[in-house]
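Input: one structure, supplied below.
The letters A, B, C and D name the chains in turn, as written, and every chain counts its residues from 1.
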Amino acid sequence: MKVVILINCPDQKGIISSVTGFIHANNGNIIYLDQHVDKSADVFFMRLESDFDGDGFNLELLKKNFQKELAVNYKMEWSIHTDSSKPKMALFVSKYNHCLYDLLSRFNSGELSVEIPFILSNHPDLKYVADQFNIPYFHVPFSKENREEGEAEQLSLLKKYKVDFIVLARYMQIVSSTLINEYPNKIINIHHSFLPAFAGAKPYHAAFKRGVKIIGATSHYVTEELDAGPIIEQDVTTVSHTHTISDFISKGRDLEKIVLSRAVKLHVLRKTMVYNNKTIIFS
Amino acid sequence: MKVVILINCPDQKGIISSVTGFIHANNGNIIYLDQHVDKSADVFFMRLESDFDGDGFNLELLKKNFQKELAVNYKMEWSIHTDSSKPKMALFVSKYNHCLYDLLSRFNSGELSVEIPFILSNHPDLKYVADQFNIPYFHVPFSKENREEGEAEQLSLLKKYKVDFIVLARYMQIVSSTLINEYPNKIINIHHSFLPAFAGAKPYHAAFKRGVKIIGATSHYVTEELDAGPIIEQDVTTVSHTHTISDFISKGRDLEKIVLSRAVKLHVLRKTMVYNNKTIIFS
Amino acid sequence: MKVVILINCPDQKGIISSVTGFIHANNGNIIYLDQHVDKSADVFFMRLESDFDGDGFNLELLKKNFQKELAVNYKMEWSIHTDSSKPKMALFVSKYNHCLYDLLSRFNSGELSVEIPFILSNHPDLKYVADQFNIPYFHVPFSKENREEGEAEQLSLLKKYKVDFIVLARYMQIVSSTLINEYPNKIINIHHSFLPAFAGAKPYHAAFKRGVKIIGATSHYVTEELDAGPIIEQDVTTVSHTHTISDFISKGRDLEKIVLSRAVKLHVLRKTMVYNNKTIIFS
Amino acid sequence: MKVVILINCPDQKGIISSVTGFIHANNGNIIYLDQHVDKSADVFFMRLESDFDGDGFNLELLKKNFQKELAVNYKMEWSIHTDSSKPKMALFVSKYNHCLYDLLSRFNSGELSVEIPFILSNHPDLKYVADQFNIPYFHVPFSKENREEGEAEQLSLLKKYKVDFIVLARYMQIVSSTLINEYPNKIINIHHSFLPAFAGAKPYHAAFKRGVKIIGATSHYVTEELDAGPIIEQDVTTVSHTHTISDFISKGRDLEKIVLSRAVKLHVLRKTMVYNNKTIIFS
């Protein structure tokens, strides 16, 4: 059985030695270790992948011992994950289909190891895509008046389907604080600019007006401050004076879908940790 | 003789046909033509390279006829350039030597077709580089008190040496409005961020704090608004949580020197035009 | 009406002037002109986009006059295209679905201005994708014995549906000379390496073995020599020692689909010309 | 004192635990650990950076204990390095100055922590650069007749100056087997193509002829097979039909110098290991 352990704690001597000794003593074989020290904050981060013999493997006992023998002593925040179940990913969309198609085709070919309980949208437009892939589609419209009902319906669906994390695949609607607090560092957004440049609405128009020679896309965890959450992944492509705003939008679509998919994969593989509004991305 | 013509004028039917007909009628051979229409502003831009037989070629007559036969009719702003003389480029530096070395080594190998009458600095530190390359070095210090004398000395040197354009090769001092107005779209700066992100001081520190995954450098013409002039060239490189601020600075240096040199080359080859605070970069 | 003209001919003085004069005389308005001279071969290439008033526009007359007034004199090869009909694109696939999904989702959102009369495959596996998008799917199996029948069936389908060009979207079967000769510079392939490195089978395995730090994908027109046709588009991504062959394959998929789609768009917009086994890609 | 340990050995359970335990037991503090397992070869690689208290630190004792307590048991190949001395780097050049200037300006600004005992060339042309930087320049000409004397002189200089590694900064002369065997994985070359494409002479000409849309540069350790040694670093830039061979060469120069400098820095920081003709590049 493959076991992933994520740790962060105040930095001090001997952590790696203690943790690797613990795995060894529990008959695990470390197949990957990546660690990072944030020197300004004096915090230690580690991601470990280990193989444990399936026979007689007791996850609860491992967790209990980890807590007792390591976590208390080193003041660790930690989590242990196995590959025995797939995380449940909800997709929120509006009217653009490119990110949705990209994620669903990866899901279909087995590249994304998740379950997709439903697709939710504030518009009815993309139901046909959900139908193509046989995934339930919930249309939860939003207006100034029904804001609270809409949020309540979102939360109710997320709970009913036991959703683990949410991907905003070009969902053009502000996500409520309630939702953000229910899913801290578990809502992944794609913003169609090279953040922090051009945060907010209409970034391609702003980029065109400024006359930049490169445009980008940024995937980040959603926090209460708009477009200011921890960045997971960014990529860019060149533009020139020959490109119109609609060329920017068209070139940008290819960035958006690739950048969002990479971020989702990193999250699913538990290769991301968040600290001080920044991410550590393990290799 | 190689002749470059740059034109901009209100867009209308027949401009290309008229201009190419003019060249043809004057026994020129068009070896390159690039044109662009800014549709929102309805402005036409063109860059033409032509070969004219050197014998009997009369530049002044060509200009006179161009004005009479084309420019008046089409309300053109235009300029005509030949390769018979090299532009004079002044280099302004402070303490970092990487952009300076990069430009001087290109100059030395003939890659940059310019003259360099002098290097000017607000610090004495880089005189040794100027000495290595046998170029005059003027130390013009700046303080709150001597601001006006400093600017006057700069202007006097620029006039005395008939400087055509100025390159700020990591010159860490605000350039005065007087200088900017004397050299409109003729002062090239390198800013060590992917503008408009992280304008102003200490962009690498700001990028580090924001946790971006890509850093950049931007070369632009200097205007009165800080770091907001027309962008000539940008490039980027990836970073990760493993990089410290000093890694950002070190990786950024390679971007800065390459991006600045590309911008300088574009300017020297007269491949840049400025309109509405944006550049057209001809291919 | 938008009219695109593609020209190539021996280089000589006055071509641009004559062609733009012709357009002007026929009441067309040039909205874009890009030209290139291959100096070693002394050949001139041009792509023109013009607007003609729809009322009274006579395409056949324009072609006749173009031939008479320009083409004969300058020994031009040329073609004239309008946007009044969409080209018919056949998709050939095998078992991988990523390029297919990518092209179909672009088709669906209107990004690709083509008709797709059918998808053809040497395997039955991807019929479900064709069904999702309501496009006919023809399974034409290939074996050593049925080679000729297979080719005949391909050709018969292509003719029956009046296919204009073919996209090999990871079609893992050698295309016959007959087909290549029927569709010269009209069959677009995606090869999963940075050609000319790693031509032939299993390029990711070869790249892994060589220990490269960057992998690529190449889209090209198919010629009789395997993986040696004119290159339309290439792109790359970084890899490291931490990546396995299956990581190469996974990262490569994102390159393949983006690079292939870009090439298809360039072809559809008639921005490609082929000469001496190389492409001119107009901007 | 900063201590870097490099290890490779057959993979087995418990290595990380044993090594980190050893460091801990010797009062070292691990500040960085990166490990890699080549699963096809079943080989384990590790790079460790540790801090040891300078007082009472005994490097020889540490090495002796490492050998006795770890290396014998795990069949390790290993090396231990401290930052108490700088490696000696010889530069071999021919006629191009861009890589040379780039390395020397980095050396000058403290970015490259090495000593440069001399520059050696088969031509006299670049002596002026050596003079600018006050570094000895040895002109060792090569012809068919004097091949052996030339090689002997090279070796004699390398020994006399106790050179640790050699950088071929566009040295256009085949390096002898004797030299390669004296400096295994210690001669760094820059090849001006995206290897394995266009190995051998005149790669830019070959790339131009093939009509590629991207060109590259590759830095690698020199082995007896030409341009086939372990790749350290690669980078690329886009080209188009508008670029001539001399444009390829000019754009390529910027790649060459950046790629070579990155490789040299990785080598100096002992972040490279070679196995099966491939490199592991630690982060």
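Here, a residue touches a chain if its C-beta (ideal position, glycine included) is under 8 Å from a C-beta of that chain, and two chains touch if they have at least 3 such contacts.
Note that the coordinates shown come from a computational prediction; the quantities given were computed from them, not determined experimentally.
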Residue-number overlap at the subunit B/subunit C interface, same or different (half cut): same
More contacts between chains, C-D or B-D: C-D
Chain whose mean Cα position lies farthest from subunit D: C
Distance between chain centroids, defined by C-alpha means - subunit B, subunit D (Å): 36
Cα-centroid distance, subunit C relative to subunit D, in whole angstrom: 42
In subunit C, residues with contacts to at least two other chains: 240, 242, 283
Residues of subunit B defined as touching subunit C within the complex: 13-14, 16-17, 20-21, 23-24, 29-35, 37, 283
Contacting residues of subunit C [partner subunit A, same complex]: 96-98, 101-102, 105-106, 108-109, 111, 132-133, 240, 242, 250, 253-254, 258, 261, 283
Subunit B residues touching subunit A - in the complex, by the definition given at the top: 36, 38-39, 194-198, 210-214, 216, 230-236, 240-242, 244, 277-281
